[in-house]
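These notes are about the structure you will find just below.
Going by the order they are written in, the chains are A, B and C; count residues from 1 in each one.
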């Protein structure tokens, strides 16, 4: 029981990071009805951005953050126009294979350009460990968490109160009606996609000081993101937040109880269980999975 | 019978080639074409004919590979038995996966299949006691037909060709038979099919199970041919995508499509590897970038694949000839 | 014994009760029209009878045997076929193939199914369109195709959902005659219909639904003059 504070703190810190990744993914699905299989690869690219900015320009990752935010918005916007727009109304399979193709292409671009060597972003303050109430964590994790929370909160506020946010939510609820109301759905999709990519653009930079960077780094995070997003209900942003904490808890407690080697199996089994028992997730609409849309 | 003429030609050429070609490199290429073609065709049964697009088929391939490898190393049995065991285990796994994922549509189904294959990946990588963990299993070479220790590549061509023809015939059966029509209906519109009395649920599960068995058979042969089973590769999502790539490029839901797709993919890959392989692992990634782009482009512009593209051109020519 | 009996069928979706205690019997060879305003629960009733939704309460029986709880394909094999309001021909298949899918539920032989399909397509007036893809047919033709497909399963009861909706005026009489012919041939039919002129001429018996309940059940004359039906659906002007 004395380990409880540590478990709790680890869960929260981890959950905050997962939330940022998951929220972008669920937003894209909610509005565009597309599962972005390349989500992890954009995350990976952001991690590499932080790494190269750090090793070549000695930029602190939190400085890189300022650049990555607008940069990834642009990357998102461009990738939407080039890759996603042509297939936005195509069948599910076409969409699946498009984002899968994108994922493979991006992974291997990273592999070809930067090799499979694992990179690390080791800032000077990396080794500083803070202790609080019986729990230990390093400063990078805390800052990552804090920024992730701020960013996610800003995103929620944007969705709730801004005009664009409302337009996005309207489109999520009913594509056709929105188009009939004069909403430029293409613009909404472009914005949604770009926002989703920006989320991982930010997340990647925040994660770089904490996790190793390599071409397939995105895979483990995106798998967790899928689990989170399905658990919270595809398209449900608030659900994704709560689900992030649940998944982080499963991972932290799982590692604690059965060791890190098998923890992935735990959330994979959780994933399969959700898909079988209640695919709509905790908060999604019952039966959403039957439509597939 | 005109419809299967191209396939007859394809398999005849493949079967006769070893009598004419001596070059080991070319024969190796042919073996890989047939093997990936067969795997792609097996995937096509679930993904193309039944509309159950899965990115977790490597689960079955890996099961077959491991069955063959374990039979050879741990249990001192013939890899042929390994193939049978692998196919049986894969069929059972296919039933389970098919049954559990039955109600899932679209991206949910894809995600479920990925999750299943990753569970197997992690299981195989960590369960040292059983599978020698992430180091993989080197498959021993013991000369003889019964032990599938065959040095002569020509014989390998014929072995893989047999499997390829088998999978082709299964697909053909699906095109012509009662179950095939029903499956096509399920693929096009499951609810409408149900309303017409088509037992959609059973058919989907059966398609996945059959697809699983055949994929596992490919895995078993591959393990014996290549000589090494690495869990990270054999259960990877990349491999699953590869099966689907062959089918998509060649023509989803057509019997010859996956084989044509495999010709394209394997040729490009072998060429690139031969050309750039020596320079470094980095450039090996280039053909994967091409895969990725090929997928994006193909599903957008030519969803019917090569078969559809060729079919279209022939129809245009016939139409052009018809108009005076 | 009635061929189809619906007893106390109730279905709730969240806060909405789409069907509330619906009960009626259908005798062999009857043609029953089902009318009601949008949201009255007509399509939900069809979904329940054909097995796509299970009712929360109540049951449906065919010839005394329970249909409730069976999956839609089993319901069809037992003898209840349906068409959909939103037409769904198999887009990538020809008209012939479409109907063959239905025929293959009753026969294992593909060639036999093909012959049957040809016959049925001729019977519904699509003899010339056999090789046409589902996509290329006009709405009226699609309606006939849906009908043909369902007929191929040799149903004992056929549920028709809005057969004349979305079809231009010229095509309606042909479709109506088709339904009449099927009825004359001995088929039991349940027909959801919005077009009052069509349904009163076609159906010897009409069941009216409103807000999920049956509010009238009788001959067209009786139903169209029923006070509740007039208030809920028809309006005063209709009965003049």
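Remarks
One rule holds in what follows: a residue touches a chain if its C-beta (ideal position, glycine included) is under 8 Å from a C-beta of that chain, and two chains touch if they have at least 3 such contacts.
In this text the structure is predicted, and so the values were computed from the model without any measurement.
Separation of chain A from chain C in touch steps, taking the shortest path, is 2.
Located most centrally within the structure is B, per distance between chain CA means and the overall CA mean.
The two chains most heavily joined by C-beta contacts are A-B.
Set against the Cα centre of chain A, the chain with the most distant centre is C. Centre-to-centre separation between chain A and chain C, using Cα means, comes to 47 Å. Distance between chain centres (mean CA atoms), chain B to chain C: 43 Å. Annotation: 32 Å between the Cα-based centres of chain A and chain B. Within the complex formed with chain C, the residues of chain B that make contact are 176-178, 181-182, 184-185, 188-189, 191-201. Residues of chain C that touch chain B in their complex: 50, 52, 71-73, 76-77, 81-82, 84, 88-93, 97, 100-102, 104-105, 108-110, 113, 149-150, 152-153. Taken together, the chain A residues at the contact with chain B in this complex read 29, 34-35, 83, 86-87, 90, 92-98, 100-109, 111-113, 115-116, 219, 223, 226, 230, 261-262, 264-265, 268-269, 271-272, 275-276, 279, 289-293. By the touch rule above, chain B contacts chain A in their complex via residues 53, 55, 100-101, 103-112, 114-116, 118-119, 122-123, 126, 237-238, 241, 244, 248, 281-283, 285-286, 288-289, 291-296, 298-300, 303.
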